[in-house]
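Structures for review follow.
After this come two complexes, each holding chain A, first together with chain B and then together with chain C.
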Partner chain A sequence: MDSSVATPPAQKGPPAAPVQQSPRKKAVEGSATWQLSDRIGLAICWALGLLFCAIAVAIAVYLFLQGIKYLKPSMLFTPASAGFNQAESGGFSDAFIGTLIVAVMGISLALPAGVGIAVWLVEYGRPAALARIAESTIESIAGIPSIVLALFGTVIFSSTALGFLSRTSEGIVFGRSFFAASAMLSLVALPLVVASTREGLNAIPQHVREASYAVGKTKIATVRRILLPTARPQVATGAMLGLGRIIGDTAIIVVLLGATQNFAPVGSAFPLNYLRGAGTTLTNFVYEASPTGNLNQPQKAYAAAFVLLLMVLALNAAVDIVHRRARKAGTWSH
Partner chain B sequence: MDERYLPEEGPKWSDQRAERLLGALVCAVVGLLLALIVTVFVRAWPSFAHNGLAWLGSGGDIEEQLNQIYLSGLEGANYVYTFHAWPLIWSTLLITGGAVLLGLFCSLFVSVFIVEFAPERMRDVLQPVVRFLASVPSVIYGLLGVLVIVPFIGNHLVTEPQKASVAGVISLSGYSLLAAVLILTVMIAPLMISIFSDGLRSVRPGWLEGSLALGVNRWRTTWKIAVRSARPAIVAGTVLAVARAIGEAVMLAMVSGSVAFAPNPADGLIFIYEPSRPLAPTIVKNIDSLGSAPSNATLFAIAAFLLFSAALFSLAGWMARRAMRKYGATA
Partner chain C sequence: MESLIPVPPPIRRLPLEQTPPAQEVAPPAGAGKDGNGAQPASGGFTAARRSIGAPQFSIRRMEIDDVSVSYADREAVKSVSMPVRQGEVLSLIGPSGCGKTTLLRSLNRLTELTRTATLSGRILLDDVDIRLIEPTLLRRRVTMVFQQPNPFPMSVFDNIAYVLREQGSRRVRRKTLEPKVHSALQRAGLFEEVKDNLDHPALRLSGGQQQRLCIARALAAEPEVLLLDEPCSALDPQSTQVIEDLIVKLRDDVAVVIVTHNLQQAYRIADHVAFMYLGELVEYASATALFGSPREPRTQEYVSGAFG
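Our next item is the complex of A and B:
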């Protein structure tokens, strides 16, 4: 950590949640003496707990089996094409790349904005009325169904002023592009980034800030040099949770990226033509390839879902690793 | 101090400029939300204005109405807006209500289990399991629903006489309320479990110890003291889950059957096998008709209805959580 304040070793738990080392866990009283109704309740607890484990294992194992059966490495490198059966219709390379594009673009919008908002909320927050409004705004954005965000996106990106971000023909703006989808997806990730960053900033005790001010640092310098580096694990967690939400979202992709299964570049300027054009992502591919979609290629849907699940699991694992490292690095003492 | 006396080159990130910049960012996001709300309602207005309260009512075939609306937009001039959304609203109510009730029951027991009764090893398994279930994308739930749950219901649960009994009205193929409710429950339960267990963990240990010292067993103590004092967390979790369930579009578009049909509880138990279509999937399924002006207004009207109800619920959940923080509990 390159901050000028050394992290003291762990002495107490994080200040946000006072640790409750409750003795009730140790003083175990068996359920043998309980009345029948209480024991039935405990049995329901066990049953439901095991049921949830079983559901998770079933989902994971089933998708792994189907994925291993149907996923061929070539699918990740061949674009989808028209064909009479599942063997002839290519793979889903465009969808795979599309997911990566959307993830990178979405999070590169959401991360700076989310961190900025969190810093403002925690460190500045003046006037208080605006802070309260901003707080409930973030809560409300988290509660907006993504399909509503998608419809809102069609209004924004079909306006002629933003026509350069997508395809325009005969004065009508198409409104479907990677730009449009990523912008709206960043709103999906924003609340998660804000919440996680705020949590990190709030966990830093006040005396750290005071020490920094005392040596003549300005507020923003304190934020940049000390607070944000210290809160980096939480910022990373927020970013990864946001990424997970972005790559898992389907409604916005279906509405704002188009129903095509291939890239549809617009113009010729190399990276921009792809970003301005319509495309697809893995979620969209799964949706269209399922029996209710237009392609109806369940085997490939399984393969794509398997790839998607692997990405989500990798993100989950990364969150875990960051958490564990942060805990090992220690927390602030008061 | 006069501006002139400040050092000319100054730090690049001056404090005031940073505060103004961040403030502007915050204002932009607030403005964006306001713009979203205004846009959605303005776009929706023609549909609401033409139908009045009948928009919420029943009558007529939804598919026929949507088709008429779409065609009138293509012909121009005489736009048709007649739209009675009751079957869609009813389906949303049934599916959301069913999933939230089922989810509330399951999540309450599971979170009590995680916080109080599960052995250490079981807890170490359950927590990642809950996180995993929360992070599976909805389209994967939809895919599994379509390829596993729906055929199972269609082939094994619905009997031939049952299919025959409603053959003239609707076909029971497995795309059903039951499939939608079951999958939606699994999707929203993790959210409820995490908020519930946060609430249960923050109950003051003294209260529980007091109850235990009086000789009340652990089970009763948990239910009478812990669960009751975590009530705000339970309200908050439930309400947030409702908001999430209302907005779920893609998974429901895949498994609910996508038939604008209002399942009738008067049919007896068979109604859980009947297909329907909630509000959000209707938008997804009709997205290609956005180009027709009246269709556009109708879809935005549905979105406005969703936005209104989801915002209401998430705001209520937020308020419940704030009230909880006042009493020292965090969630």
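Our next item is the complex of A and C:
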């Protein structure tokens, strides 16, 4: 009995093809020899991967078809207005521009701050205790729901000292403006920028830094001319992820931007009057225009959602270009 | 990418290589075992391979005086003293972890980047204690090339220009820097190969070209001492040969200190060799003496590993 265990059954199954004749360059392990449980596990992973791929494709295709059907270019240039049906209620230009404003303002706060923090944490990291605290604080910001940030924002931006950032009437600070919303949205994007930049800086071999120090360069010069340019793809990725969060956020928009479907400028000093006033963004417009919302114009909801999708895809493409350029420049062998 | 390397890098052989001087060292003691001439092709450790003549001159540039370096509570270098001379190549050899890289890094105060490192003793550069020299200035006078080729992720030109410019500034024009960039590349023997591709990304060069770019970068600062930390360990034999020839050429302009694991390499290019073991300097002698007739039994043992 024992001896027969060691000999494989000679007739069962087709003979294994000799390795040399395989057209593949690399040897690939087939799952045919695996245990049943492992094969089921693999099948589940495989199916889940395809399933989510299918979901993403379905969303994109559906939005694309609906968007093509309903989106008219005029919607991007016509502000929303009161009307009896969808044909009379204008477009969503204010929401579209509002999205652009919060995206630009939010990321222009989050990007320099995030990169600066990451440089401090990775390149300096001193005092060590403080750096550790900052690190875990930023990580915990990433976990705070944006509605909580929004609520906190109302406390800050309704204070009299910050009244100049929004509307004040009869001594009461309104606390809702593009300034307030962008500031809080930048907090949403910040952890992503920090994490991604840190990852980029950590990926640079130590000897590259030393090579810069070894020709008499200071740390600052090294960071500016060598490290940050090298980490540019990761910084771009962080900015893209952050922008995605900013564009996609609704809680802060409702609470801190007022979610008025038209701009509500304060005063007359352009462009500050718009930034001090309330407004809305595409995500909020989609919500309001959906059957659940107050506007109830689902066709425009699809059109606006399609515009959002295009913006996110454009961001992805931009980051891809940065990555591809960096790959072309090459990297160090390890 | 192929256009970057129009012709393979020429292998310059010094004439002395074919006709070794008669007074060259007697075959080292350990070499007797492979008396059948076992590895002539592998660059075997034979007298014929010692390619350089005696130094034309030597000027003492640095003086390592009773230097000890510790990391936290581990002593990596134990009271080492030796001179570093221009006109000569000094090679530090020894098994891994013997402190030779640490000693090399302490010569331009790179050890200070490691927070736990402490140094005692004195290192003099032209009779001035290097601790009195501002680190960035010191590191321009004592530059370094690393084990891994590590050009910066920018163009070939910018790699050199970065060194020439003031810290992080970009103010100096390209035209102004051009002559210096070209001469640095020429000194590193790289100019002919890259002169048409100065705007190419440096990380797209071959490994050997990258390492020579790193040498060019180190030379661009017009240093007095050039430190090389196993510069050929990541390179193929052909590139190694090119860089070795380059190092020998450079010894008249700068004092060269090279750390190497490759004993044949040390024998081929060094004028003086320092053998370190467990942080101690076991023996410091001329290359011919150290490899031919080591005084210390430990040196004897280590060096004989090269032939047997």
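The definition used in the following text is that the second predicted complex is superposed on the first by the 285 of 334 C-alpha atoms of A that agree within 3 Å, B and C clash if a C-alpha of one lies under 4 Å from a C-alpha of the other, contacts with A are read in each partner's own complex, and residues count from 1 in each chain.
Here, a residue touches a chain if its C-beta (ideal position, glycine included) is under 8 Å from a C-beta of that chain, and two chains touch if they have at least 3 such contacts.
Quick caveat, the model's predicted, so the values are computed rather than measured.
Enquirer: Could you classify chain B and chain C on chain A, in the superposed arrangement, as clash or fit?
Expert: These partners fit in the superposed model.
Enquirer: Quick check for you: in the superposed arrangement, does A:207 touch first (chain B), second (chain C), both or neither?
Expert: The answer is second: A:207 touches chain C but not chain B.
Enquirer: Looking at the overlay, what does A:328 touch: chain B (first), chain C (second), both, or neither?
Expert: A:328: touches chain C, not chain B.
Enquirer: With both complexes superposed on chain A, which partner does A:218 reach: first (chain B), second (chain C), both or neither?
Expert: Both partners, chain B and chain C.
Enquirer: Look at the residues of chain A and decide whether chain B or chain C touches more of them.
Expert: Chain A has more residues touched by B than by the other partner.
Enquirer: Considering only the touch criterion stated at the top, classify A:226 as touching first (chain B), second (chain C), both, or neither.
Expert: In the superposed model, A:226 contacts chain C only, not chain B.
Enquirer: After lining up the shared chain so the two structures overlap, which partner does A:162 touch, if you call chain B first and chain C second: first, second, both or neither?
Expert: The answer is neither, since A:162 touches no partner chain.
Enquirer: Identify the partner contact of A:42: answer first if only chain B is touched, second if only chain C is, both if each is, neither if none is.
Expert: first
Enquirer: Using only C-alpha atoms, work out how near chain B sits to chain C after the chain A superposition, in angstrom.
Expert: When the complexes share the chain A frame, the smallest chain B-chain C C-alpha distance is 9 Å.
Enquirer: Would you tell me the residues on chain A in contact with chain B in one complex that are also in contact with chain C in the other?
Expert: Looking at chain A, the two contact sets intersect at 218, 220-221, 224.
Enquirer: Name, in rising order, each residue of chain B that touches chain A in their complex.
Expert: It is residues 11, 13-15, 18-19, 21-23, 25-27, 29-30, 32-33, 36, 39-40, 43, 106, 109-110, 112-114, 117-118, 122, 125-126, 129-133, 135-140, 142-144, 146-148, 186, 189, 201-202, 205, 208-209, 212, 217-220, 223, 240, 243, 246-250, 253-254, 258, 280, 283-284, 287-288, 290, 299-300, 303, 306-307, 310-311, 313-315, 317-318, 330 of chain B that touch chain A.
Enquirer: For chain A, which residues are in contact with chain B within the complex?
Expert: Touching chain B from chain A are residues 16-17, 20, 22-24, 27, 29, 31, 33-34, 38, 41-42, 44-46, 48-49, 51-53, 55-56, 59-60, 62-63, 113, 116-117, 119-121, 124, 126, 130, 133-134, 136-149, 151-152, 154-155, 187, 190, 218-221, 223-224, 244, 247-251, 254-255, 259, 283, 286-287, 290-292, 298, 301-302, 305, 308-309, 312-313, 315-316.
Enquirer: Please give the residue numbers of chain C that touch chain A in the complex, ascending.
Expert: Counting only chain C, the residues touching chain A are 108, 110, 113, 135-140, 143-144, 146-150, 152-154, 162-163, 167-168, 201-204, 207, 214, 217-218, 220-221, 227, 234.
Enquirer: Spell out the residues on chain A that touch chain C in their complex, using ranges where they run on.
Expert: For chain A paired with chain C, touching residues are 205, 207-208, 210-218, 220-221, 224-226, 229-230, 326, 328-334.
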